[in-house]
Every structure is written in structure tokens, then in C-alpha cells.
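The same chain A turns up in both complexes below, where it pairs with chain B and then with chain C.
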Partner chain A sequence: MRITQGAFSFLPDLTDDQIAAQVQYCLEKGWAVNLEYTDDPHPRNTYWEMWGLPMFDLKDAAGVLLELKECRKHFGDRYIRLSAFDASHGWESVRLSFIVNRPANEPGFKLQRTEMEGRHVQYTTVPYSADKPEGQRYK
Partner chain B sequence: MLDETLVPTSVRLRDEIEGAGINEVLAQLDEDLIGLKPVKTRIREIASLLLIERVRQKMGLLGDTPTLHMSFTGNPGTGKTTVALRMASILHKLGFVRRGHLVSVTRDDLVGQYIGHTAPKTKEILKKAMGGVLFIDEAYYLYRPENERDYGQEAIEILLQVMETQRDDLVVILAGYGDRMEKFFTSNPGFRSRIAHHVDFPDYEEKELGDIAELMLKQQNYQFSEGARRAFDEYIHLRKQQPLFSNARSIRNALDRARLRQANRLVADLDRELTATDIMTLEESDIRASRVFSKTES
Partner chain C sequence: MNEAAKIPQDTHQKSQTVRGKARYQSGVMEYRKMGYWEPDYVPKDTDIIAMFRISPQDGVDAVEAAAAVAGESSTATWTVVWTDRLTATEKYRAKAYRVDPVPGAPGQFFAYIAYDLDLFEAGSIANLTASIIGNVFGFKPLKALRLEDMRFPVAYIKTFQGPSTGIVVERERLDKFGRPLLGATVKPKLGLSGRNYGRVVYEALKGGLDFTKDDENINSQSFMHWRERFLYCMEAVNRAQAVTGEIKGTYLNITAGTMEEMYARAEFAKQLGSTIVMIDLVIGYTAIQSMSHWCRKNDMILHLHRAGHGTYTRQKTHGISFRVISKWMRLAGVDHIHAGTVVGKLEGDPNMTKGFYDILRLDHNPINLQHGIFFDQPWASLNAVMPVASGGIHAGQMHQLLDLLGEDCVLQFGGGTIGHPAGIQAGATANRVALESMVFARNSGRNIVEEGPQILADAAKFCLPLRQALDTWKDVTFDYASTDSPDFVPSVAVSN
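Our next item is the complex of A and B:
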């Protein structure tokens, strides 16, 4: 099951040129671009691991693409997300965020039903991949 | 296969030049920078080469992206940074760099202080320079042969790799004093082979330095009185024989001090009615008060 989080997630995966064009848009707006990765794509897992520091003061998307390639080399089997932060209000706020890399095989989520008192049912979504320890989930 | 309909069969170079707006940049270079004949010639040559390269690309005569990395050698204050800035704009107008900004760094910006610090630091600078020109001033400080554990080597390796693999994304200009750059290239042959254009900046003639001084003053809305210009020419002659003369930079400093003395002179007489000309003009006495003159008399 294909994970849909952030912008463009219902479109086919963006090519590197398309990613570069998006990044260039962000940079021209003066936003800082940041890469994050995870192998726990649960929708409630909002804080992913950071790949290096957010990239400030860049002029050209090539710098971000350089890091993205490097990140894919190490974590190509995980989800990688690119977010752009706008600091014009005095604090950093996310303006754009989209997935730029996903595992080849995405098993999706299991729906767990727990029977509670009476006829009450509690629902929980669990990624199938989450059974394995971190780092081995999409090997 | 190339699409035949899109490839022009002939081009007029005049249209190309005008379309790119290089002539304005070159004309401005002539106007703003006094002297530097050989440098200007080299830059014209490089600009022509790039222009032809661009036409070739348009006509579908594909070749590799030309290597554009350069080295600027010359004594202090001969205009290396200024020319680098112009170079960035020429490269941008011809479409060889995408953004045309200049990131000016020295060893401190590239080399870290402890193990594992250098690579991220160098990469961050490289990322900032992507799409533009990376100007490394006094590049030979990167290499310190006396200390084999020096982190500079690591920065050099990263630089070399990016200079080779990302030629489309950035242009590196190394700058420094001639003899030390020569030594640097001898011990790092990788750099020499990756640099296509070596540009040598000659020292300025005395007359040129005088003209530079006048230009600098004009830009700041000052002027020499007639006597002051003569005095300043003498000043240049004397100053050039002293140690640590750094061409245009020394001139700038001398002018700053002259302005200080002029201000002092004006403030000394508070009741005088001043005209704009009085405030703009540096007098002979402002120049003559310099230490350079007193030394020769003693």
C-alpha cells in the first residue's frame, strides 16, 4: 500500500528534475530546505530523523540534490522526506513537505480491533513493517 | 538524434552577444577597472570562448561542458576579488552558471578544527556556492605540508571531487600570490589539471594607481585639489618603495586617512562658511601630512 503523506503524494513519484524545480521554488522564496528519513511511516510519527542540518542560505537546488543523493545512498530503503521552512514570521514553520524516496516494497498497515467493555471496539493501525527492529524493516 | 527543426543552421554572433548582454559587462569592466590590460584581454578571450561554446551547443554540436575553473594570481590589492565578481556575472549571462552569485571563502571557512568537522564544513560551503562561483582566496593555505595530519588535505580532496563531478553546477576560482600558488599547484597536481584558465594580475603602474585614487574618490563624492593630486602622485612613488605595499588596497587606506585629516582640518575652524566644494575637496596639506613624507625627510 502506497503511503500518502505530504504534498504530491497522490501523484506518481517526482523525478529528480521535478524535485529540483520544487526545491528551487522554495529557495527563491527564502525557505530553508531540510531532509529527514524514517522507516516508521505511521501517520502519527511526525518527527523523523534529520539528515544533517537544515540547509540555509542556498542559492541553487543542486546543493540539496547533492545531499539527497548522499542520503539515498545510505537510506535508500527508507522513506525520505523533504521539507521547506519559512522563517519570515520569526519562527521556522513548514511551508512544503513531500516524500522524495520510498522503499521498493510498501506492505502498508494492519487494522487491529480490540474488543472493549460492552460492544465497544478500539481501532489501532500498525505498519506491517514495524515488527522488525529499526533499520531492518524494509530490507 | 537531434531534432532538425530546432537546430539553427546559422547564427549571427552579434545577436548572440547582444542577447547575452556580455558587452555591457565587459564595457563596465573596462570602465571600472583601471589598468590590468592582460587580465582584461584574458577575460575577453574566455568570454569569446564561452560564447562560441554556447553557439556550438545551440547548433547541436555537443561536446563536454568546458572546464571553467580558474586561478587568479597576483600581488595583494590587484583586483582579483573584483574581477572574480565580474567573472561570475559573465558566466551567468552566458548561461554557464545558473545563478551568478559569488561565494568568497578562505581556509577558515573550509577547514574544520577537529576530526570529522572538515567534510561537513566544506560541503556546506560547496552547497552554498552551487549555481554560482566559489572564490577561494589565498588557496595555498589549504595545503600545509609541514603538518601531515592537517585537515586541509581533506578539504582539498572534497573540492577536487566536486570540481570534477559537478562541473555544471559550480565554478571554482582559486586566488593568491603568484609564487605561493605556483608551489601549491606543484604539490597538488590534481588542481592544476582541473584548472583551465590561469590569469595573472600584474602590479599597477604609478600613473594607474593615481587614476584609481581619483576613481575611488569620485565614487565617494570626493575630489583632489590640483595640488593634492600632484602630492598624491609623489605619495604613491614614495609609498611603493616601502615594504608591505599592496596596490589598490594601500591606496584606499591612504585615502581614508586623508579624509580623516581633511575632516580634522575642517572641524578645526568652526566658524568658517563651508561650501559643498570645500567638503568634497582633499587639499594638498591633507596628503602631505602623511607619515610617508616625513620619513623621507628625516
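Our next item is the complex of A and C:
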């Protein structure tokens, strides 16, 4: 399966040039770009690991691409997402977020059902990869 | 030219307010003499201001008509009453302070009326509307009356909770940033069993939509009782979440005959883990505010379908402009509201629609007559409402939709998803690919208005469902003149 989180998951995987163009758009808006990685892509896993701090004050997308290459060297077997943060009043949150790296194989999620009272079913989404400890899930 | 236009109207009349003992002589007195026309009045920052379009009956003075609207929407009755003298009556009188002829519309006038803040109960749309639209719309001296716009003071806005979730927090909860959300209304809207209904939800969400939606009249009928729908829909939502790894939702319509029943349906939706519930505008302002409070308490997004609004928003001379409904609903606290598509099958002038979207989304609305916004309106950080574009739109219009409506909205393709020749999942995928391609192209610096069709054609090369969608609906447009159009159009300055 292909996890479709992020703004561009239905497009073919982006090239570095395409990523750079999106980054440049974000920087021109004054947003801070940051990279995060994880091997737990559960849809409710909000806090992926930060690859350093958000790159405040950056002007050139090339800086982000250098960091992305570095991040891929260490965590190329995991999901990496690029987010752009807008600190302006009234938003103060993420403006754009998309996946820039995926594991070679995405096993997806198991849906567990617990039958409750009446016909009520309680659902739990479990990543197939979650049985292994962090860092060994996509080896 | 009609009859009314032949009568010369003086809209610059001086105050004619009768003062002292003479003001309270028993009998009937013109409204403008009772103190409801005060052309020198300067509205206070704390006043609520309403702007009406009035069409006086033939022979009725426009200023007197404006004063009558001010009187009947505040303290006046048809005759002088001595009990006024037991009150600080000058404060409580609404004051018509400005009357302008409507450009290009003989016999119609814009009347500005100021109301003191003390006339209104805090945090109650029902109280506000009982005053402003409660009594005046059937008033005989007027042929027609339309509430065009309102200005609310910050002090009044701060008495409302506002949207229970708001655009930013909704995006955070759903983990979806940087693109419009995608939805579809389940069709046919009547007759599907719960089991069949859930199938449509599952296929659409799996294919790439973020939300599916109950239609306004799906409540609890013999073909599908509400619990059946909720149970099957949540099976579909959870299955789709597991196969995509993305948060999904379906607007479960909890509209019912009583508040008690609506709370029961909302509680069940919460137990089942739904992220969102839905109500119809016809449940009434108080019920809407109650559900908004319930949603804030229960971490739920609140979707409002504007069922019934067309009965009073569409005609230009009578009723209430949708921009006023938008303001009321932002105060009342809904998170989503259907606000027009411009390009789809339902009424919507592009300029008027932009005005509605600005009212719902911005923290400050400057005056913009071309967009129908007559007042400067600060929102004092009240949460923003996500506008929903729905009704006769399809993937081939994606560049126009993104350009006109921006990215903080929900684009709902009902027929445009479910009517896809290769099935519902393919329809959903076509829409999602079209959307992502267009946002991607825009961010990359391309001119999507001009290059839109090419961008879609390029995306269709790697996405067969999009190719099929473009081929199926390529010639579908709804190009009719709007009835609710702007009164002010930019004019070209002519220099000598």
C-alpha cells in the first residue's frame, strides 16, 4: 500500500528539483521549513522525530535540500516529511506538509475490531511494522 | 422607469425629531419625527449597525421608510406611548442615520441604522435576529426589504464562542495542510439502506477523499434509520483509514425533531469515534449554538448544511443576504458552511461569493463594495469557518476552483465522484489527483488559470481515472446570470 498522508501523495514521487520548487514557495511566504522522520506512520502519530530545528531565516531552498540529503543518509529507510510553519497571528501552525521519502516497502495497517455492546464495534488501527522496535521496522 | 422612481426623493433631510412635551402627545406621529431619523448621528464603535435595502411603496418617503425600519426593529410601535418616558428612550431608539439611492436601481435605497449595544443580549443570535429581522419584513409601507450587511462591535463578538474547532485546529486534527479538503455527498440522497450507503462512503474515502457527507434530508427514514447509517459509515471510515493511513471522516447528519434527539445522535457519533457531525440550517439559530457548544466540549467538528437559505437569500430586493447569514453563523459557531462554488449548479456571483468566503475566513474584513461588504469588520481572533463548495462541480474545473476559492475550503464533488464511469473509487482518485496536481503547479509558480487544462491533461497521463473524468464532464458548465449580483462595479476613470 501507499500511505497517502501529506499534500502530494497522489502524485508520482517528487524529484529533488520538484521538492526545491515547493520549498522555495514556502520560503518566499516567510514560512520556516522543517524535516521530520518516523517509522511509525500511524495516522494519529502527530510527533515525528525532528531532524534538527525548523530552518528559520533561511532564504534559499538549496539549504533544505542539503539537510534532506543528510537526513536520507541516516533515515532513508523511513518516512521523511517536509513541513512549512507559518508563525503569523491567526495561523501559527503548519501551512504545507508532504512526504519526501518512503521506505522501499510499505506494509500498511491492520484494522482490529473489538465487538462491543449491541452492534457497536471499537476500531484500532495498527501498523503491521509496529511489532518491531523503533529503528528496525523497515530494515 | 417605474412609478416609484418618478417621485423625487430627498435622502438628505435634516433631523425632524420633535422634542419635549410635544413628542409625547397621544396619537400617531411620523417615525422620522419620533427620533428614528438622526442624520447627524455618528455611530459609536460599540453600536451594532445594520444596512437594509428598502423599496418604499409608491408615494412613501424613503427617509420615513428608513426611520420606520429603525423604529419597528427597536422601540417603536404604531402610535406614541407615554411609557417611553419611563426609559432612557433616546439610547434605546435605533437611529437611521444615512439613506443612499441604490446605483442603477430606481426606487431602492440603502438605509443605515445604528443600534445601541444595550439592546442586545450577550451571545444570542436568536435575540439579535428577533430585533433586526423580527418585525419589519412584513411592514406595509415597504414593497420589499433586504438585510444587506451588518457591523458587529468587538465587544459583542467577544460574547460568542464562535466556531467550535476553526480552520487551523481542524487541519491539525486531520493532519491535512496546504490543499483544499475533498468531500462528496452520498448519492442517491434518499433510498439507500445503511449497508449500501456505507459502501459509497468506503469507496469514496479509499479513493482519496477526506470526507463524505450525508445530505440535508438524510435523517432517519424508513429505508435507513440513523443508527444503521452511523454504524455502517464508521465501519467504512475506519476501513478507509487503515487502507490509506490517512485520517478520514464522514459528516453524520444529526438533524432531528428535538434537541434531545439531536444530542442522542451526537453522543452516539462520538462513541463511534466520528471526527465530525452535521446539522441543517433549518434546525434554527438556538439549536445551532447549542450544537456548537456541544461540539466544543466533545472535540467534534461541526458541519452546517445551509438547507433552506435560498428562500430568503437569493432575491436581491427582499430577504437577507447570505453575507449576513455567514456572519451570524460564524458567531453561532459552525466549523463548515456551504458558501457557493461560483462555477457549479447553484446560484453564486463570483464577487458576492468572494465576499462570503472573506467573511468566513479572515480576521478582518475591510469595506469592499464590489464584493458586497459594506462595513469594516474586525473579528477579534474569533475562529474562522471553513467554506464548503458543493453542487455541480467536477475535476475539470479544478484550476478555477483553486483560483477563485483558495485552499482553505472543502471542495465537494458528489456527482463528480459517484458518477464516474469507472466507479466511485476512481472518481475520488480523479478528484484528488486533479487537486494535488493543481496545488503543486501553483506552488511551483505556474499560472493555473491559463495553464489549468494543460496541467490536468498532463496529470491524466499518469492517472487514467482523471482522463476518464475529464472526458466525461469536459463540456459541463452552468453559465447562468446570477440574481444576487453586486450593486457596485469598478468604473474606468476617464481622463481628458
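FYI, the second predicted complex is superposed on the first by the 134 of 139 C-alpha atoms of A that agree within 3 Å, B and C clash if a C-alpha of one lies under 4 Å from a C-alpha of the other, contacts with A are read in each partner's own complex, and residues count from 1 in each chain.
Everything that follows uses one rule, which is that contacts are C-beta pairs under 8 Å (C-beta built on N, C-alpha and C of every residue); 3 or more make two chains touch, one makes a residue touch a chain.
The model shown is predicted, which means the values in this text are computed figures rather than measured ones.
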**Asked** Which holds for A:Gly52: it touches chain B only (first), chain C only (second), both, or neither?
**Response** first
**chain B versus chain C as contact partner of A:Leu66, first or second or both or neither** = first
**Request:** Compare chain B and chain C by how many residues of chain A each one touches, and report the one with more.
**Result:** C
**Message:** If we overlay the two complexes on their shared chain A, which of chain B and chain C does A:Pro43 touch? Say first, second, both or neither.
**Reply:** second
**Request:** Go through the superposed model and pick first if A:Gly30 touches only chain B, second if only chain C, both, or neither.
**Result:** neither
**Asked** Can you list the residues of chain A that touch chain B in one structure and chain C in the other?
**Response** none
**Complete:** Within their complex, chain A touches chain C through residues 1, 3-5, 7-12, 18, 21-22, 25, 41-44, 46, 83-84, 89-98, 108-111, 119-123, 125
**Asked** Considering the complex alone, what residue numbers of chain C touch chain A?
**Response** 168, 171-172, 175-179, 208, 231, 234-235, 238-239, 241-247, 271-273, 363, 381, 384, 429, 432-433, 436-437, 439-440, 443-445, 459, 462-463
**Message:** Residue numbers of chain A touching chain B in their complex, please.
**Reply:** 52, 55, 57-64, 66-67
**Message:** Show me the residue ranges of chain B that touch chain A in the complex, using the header's touch definition.
**Reply:** 98-99, 101, 120, 123-124, 126-128, 130-132, 166, 169-170
